[in-house]
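Order of writing sets the chain letters: A, B, C, D, E and F. Residues in each chain are counted from 1.
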Amino acid sequence: MRIVVTNCNTTQEMTEEIVRGARAAAGPGTTVTGLTPAWGPESAEGWLDSYLSAAAVLDTLRTCDEPYDAVVMAGFGEHGREGARELLDVPVVDITEAAAHLACLLGRRYGVVTTLERSCGQIEDSLETAGVGRNCAGVVGTGLGVLELHDTDRTVRAFVDAARRVRDAGAEVLVLGCAGMTGLQQVVAEKVGVPVVDGVGAAVKLAEALVGLGLETSRAGTYAKPPAKQRVWGRGGGGSA
Amino acid sequence: MRIVVTNCNTTQEMTEEIVRGARAAAGPGTTVTGLTPAWGPESAEGWLDSYLSAAAVLDTLRTCDEPYDAVVMAGFGEHGREGARELLDVPVVDITEAAAHLACLLGRRYGVVTTLERSCGQIEDSLETAGVGRNCAGVVGTGLGVLELHDTDRTVRAFVDAARRVRDAGAEVLVLGCAGMTGLQQVVAEKVGVPVVDGVGAAVKLAEALVGLGLETSRAGTYAKPPAKQRVWGRGGGGSA
Amino acid sequence: MRIVVTNCNTTQEMTEEIVRGARAAAGPGTTVTGLTPAWGPESAEGWLDSYLSAAAVLDTLRTCDEPYDAVVMAGFGEHGREGARELLDVPVVDITEAAAHLACLLGRRYGVVTTLERSCGQIEDSLETAGVGRNCAGVVGTGLGVLELHDTDRTVRAFVDAARRVRDAGAEVLVLGCAGMTGLQQVVAEKVGVPVVDGVGAAVKLAEALVGLGLETSRAGTYAKPPAKQRVWGRGGGGSA
Amino acid sequence: MRIVVTNCNTTQEMTEEIVRGARAAAGPGTTVTGLTPAWGPESAEGWLDSYLSAAAVLDTLRTCDEPYDAVVMAGFGEHGREGARELLDVPVVDITEAAAHLACLLGRRYGVVTTLERSCGQIEDSLETAGVGRNCAGVVGTGLGVLELHDTDRTVRAFVDAARRVRDAGAEVLVLGCAGMTGLQQVVAEKVGVPVVDGVGAAVKLAEALVGLGLETSRAGTYAKPPAKQRVWGRGGGGSA
Amino acid sequence: MRIVVTNCNTTQEMTEEIVRGARAAAGPGTTVTGLTPAWGPESAEGWLDSYLSAAAVLDTLRTCDEPYDAVVMAGFGEHGREGARELLDVPVVDITEAAAHLACLLGRRYGVVTTLERSCGQIEDSLETAGVGRNCAGVVGTGLGVLELHDTDRTVRAFVDAARRVRDAGAEVLVLGCAGMTGLQQVVAEKVGVPVVDGVGAAVKLAEALVGLGLETSRAGTYAKPPAKQRVWGRGGGGSA
Amino acid sequence: MRIVVTNCNTTQEMTEEIVRGARAAAGPGTTVTGLTPAWGPESAEGWLDSYLSAAAVLDTLRTCDEPYDAVVMAGFGEHGREGARELLDVPVVDITEAAAHLACLLGRRYGVVTTLERSCGQIEDSLETAGVGRNCAGVVGTGLGVLELHDTDRTVRAFVDAARRVRDAGAEVLVLGCAGMTGLQQVVAEKVGVPVVDGVGAAVKLAEALVGLGLETSRAGTYAKPPAKQRVWGRGGGGSA
């Protein structure tokens, strides 16, 4: 099974990190390829970045030539998943919803710890429309930007601090609220004493599940195939899809 | 007061029609300028188009040189409004939410009649996250594509047919669910016997209200000014914002 | 355009203050007239006052001879708006909902700061049934009675203190939770650093919007014209409407 | 135990009918007294009537000299219960909420069949704020006005017809949606084959329960004792409470 | 009227205490009989105990030979009520929902104070599905196990401490969150200054109300009579019901 | 990886069928063992059966000697999953929630088609408390009992008929609402033209995902280890756990 994992930003190092996280989760027969958008934001933090990222990632998927069986979209709280479902004939799993789906199986309420506070609202909306907001006890920020996460010690400390707030609000399970945090789930889980779900790994597993069961996105209604029409992807860009 | 109205697609004729609708609603001291994105879909119908449109419209606003006091985003159910709020220092009003806000003042439940059925889900999500989904009795489609709306008689007939379904679900007020329907509100209202709100006009009035009261988008939390960083707007595009 | 603004209590000074607030918001072609109910409570604080006020205000509107184009009901959280919609042929805007509608356009969550804690529940219910409760982060009291608001310095201090609580609960925009606070929006906004919406001004603008767009209350369903019948308005009162 | 039952309108015959219904439900040690407001609407159908009724009923309770242990407010969907809770030192039960509370114990979803369609919205709001809206499958009208209910055969036929609609929506229990229907519960239940709850009887039983358990309305928060102030109850009326 | 009260656990002393509480609430013509399950947990604290208790209590009811008119299920938050409604021809009232129904009549929001924190989630779910979760401000634990409640002074102190938390969350009425707390309502109410509802007494009163009004569980839909089939009740058990 | 799949009833043939469905979904390194409860109902249809089943399945798990890495509970809408999470040290996945989790990834709204109408309410509650009810468009019955499902042609016809109703309500994906339907997903999907999720396969995949990622049930809060105490499992049964 071939899974493509799309980074939501143009930072190649982050794609590599995400791919490492995805591969660590992938089953024996699964190959993981990372896709870095050719355009978009260097990191996605807030609504403007998220909408720019959505278009860039969709353009990247639209023009990806290599065959694959499923897509994992690795932008926590970032937009675009429904567009990818329309566009593609293979299952699409977003790491935001993926983490929540698994977290719901491990505790009665889960909480998300993300980067900047400004991203919390987006994540809440993303969980809500994905249908998994009901058991979310809260989404909190660490105050760290996406590109500051490379300092692991600092990230872990900030995560543990912020985790206290969602724990107090009732969270029994935690979710790493940024693709750039992938790989920290175990060290953080040990420190906070509750299970911690990494969205990248969760999405890989859910993508494997869907492909393994032969399930595909419904074409009835919302995610019907987009009609052919003129679409221009960016200033200098062109083509239609 | 100068209001910029952004079309969500690249079809210039539609921009002109939207501008006509906006001017018909604008107060005496208001000037209306239409902006057609330089890229994006030729019509926005579904999630893929919506996300492409969001980035294109944000890019258009980002690079618009002329000064203005408020923005009206004329894509019914299209994404992007929160990004524009982050980006700009002036009030931003989306026609989807605008129509719903006014409709809530005219009846206990409102309904939306839009173009293709595939767009209904997006509109529902847009109303929900805007905070005005509670009194929405339903969103229904006419089966007409955006570029088919120029046939007014057919559009009116399809609208009236579809309206029956949301009326049965409890709607006491109707909303024109596409910017391309602007101008039809009166003829439709006469035929269905309930008030019909046009989002374009509603958004112009709400933008005038916000500017008139000196109100600006909050910078506390979600819509904080985006940090400066590298952002590439499309394949050939460049620049940062 | 002629807008009638109804005070929810019998205190003439408050009517004058509300009219001042309304006129400050009104557009050039709008005239504002204040109506003080001939009966009812001297200030509306709690459910008993609110229900008494509702009947008194409806009676005042019912017997108002002068022509007008829209009504603004200036009781924050007070009952009656749906009755006025049934009764009258012109648009009716309540300051509670009005403030919330505009606040939703300025931030992802808004909060209300009102007078006594006892009024918070009423306001919550009013926002909920108006269809704009979803994005309300909280309603908090200052501990000040309606008739204590004339001491502006004290009111501002109490408002700023209480505002902290809704800010902590996620409010990015604040609403003045009493008609008697009208005029304080700017000074308070400067102190708390977020936009502050005054319901009186907001309702005037929304009334202007509805009238400007030629929109009227729906007569289909809930707000159908009341049937003629015997109605006695108060102990010594009489007449039918 | 002395229970006062307030009619929501000025029609004495209806008070008598309600009192009959209340007495049929009352336990051996309970005496029931009916109160007809001295003013208000001759029948309550819609928001205008409801708000007028609320003030009139509160005035009636305020000026009632005889001692009593609990109040039953017999206006289905009519406003005022929270005001009575503030005003009085004895438990207050509204027939709308009472019917719903008992209906929840008899089936997973209940439905309400009321008089005119225009009243449905009010009833929905009343159930929602009372905290028992969650398991309501629907509120439907029979098309009969309150004063038309004296024709029992016609009322039963209309009720049975309307009941089908809420049954289809999932209702397993029905509620008589008007005090004027009291006494019909058995004949209707036989015809539709599900339990039918009469709000008047339900409220009497709940009032007896509260008094029997020594429970009183909370004074902490919302229903705190109203402050003494000038309140004028109607045009010619006077006094403060 | 004969009411059977089922304990949710096998501790005979607790049955006796519950029966005392039930009799204190019962009307003059009501006899109360306690049933202790022959199997199940010695105290119900958490999901495992609750599910075990549900089956044991249903088995006890199924094999109870003496006639009765209603059942009160005295396990706060424990499962099983819907099964008893299917099984029996008499009304069934669970103390969890009963307390909430009455609490809703006494204040705008209520709170529950229970034993161990681990039980809070179950109680929240129980209130939600019973249709009375909307006005619940919170469920909090005292940290005391069910079998520790016999130390009344300690229980009262722990209750008062915990009550502060739900009061802060908006509760205006409190509910004793364990059958084993029955009898403490008055002493606790005096200490916290708000009404306190005991579920055992509340359920007795609601059972009396239903029987008094001749109301029975609906057989339409969810609570239809269970089909005859082979059912084995426990390891050594047998029989079908 | 060793997965134990528990049947919710005592019918051995159904266990075998479920095991076949589970094995068809399981990955190469996964072994599946079926467990048939030694007691309980011969088929679970309704609340009484569900609660009996819950205790019997928990008893079966409690006394299962062989080691395993995860549990799949194969009762659609049946109770007990939270108890198993408390009891066991390995992940527990219920087929109801599992099907919904995957269905949410394939369409914007999903619908469930189950056996008897009487089971619909239970399933709705199960989805709601699992946190995945938000995107459920409806749960409908086929009118077939669990033990009638062996007639595949009839089941498929009844499923397709019932599916129309949830499709009309907006479902874009369907869920097989009974473990006994496992294996029918493909034939049904072809007939109705939308993806159909089998809960048994879905749960196996989710269990594999959790184990593969090293995730365990949270012990913080709701699913804390049950305290040691006396618990008797059925009439003749004994032991404590």
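The rule we apply is simple: a contact is a pair of C-beta atoms (placed from the backbone, for glycine too) under 8 Å apart; a residue touches a chain by one contact, two chains touch by 3 or more.
The shown structure was predicted, so the numbers you read here are calculated from the model rather than taken from an experiment.
Of all residue numbers seen at the chain E-chain F contact, over half occur in both copies; the interface is built from largely matching residues. Averaged C-alpha coordinates give centres for chain A and chain F that are 28 Å from one another. Put simply, the C-alpha centre of chain C and that of chain F have 52 angstrom between them. For chain F, the set of residues touching two or more other chains reads 82, 108-109, 121, 128, 221-223. The touch graph of the protein chains shown is a ring with every node of degree two.
Round the ring, from chain B by way of chain C, the chains line up as B, C, D, E, F, A.
For chain A in complex with chain F, the residues that touch the partner chain are 25, 27-29, 82, 91-93, 97, 101-102, 104-109, 128, 130-135, 167, 170, 172-173, 186, 193-195, 197-198, 201-202, 205-206, 208-210, 212-223. Interface residues of chain E facing chain F in the complex, by the touch rule stated above, are 10, 38-43, 45-52, 54-56, 58-59, 79-80, 82-83, 85-87, 117-118, 120-122, 125, 128-129, 145, 221-224, 226-227, 229-237, 241.
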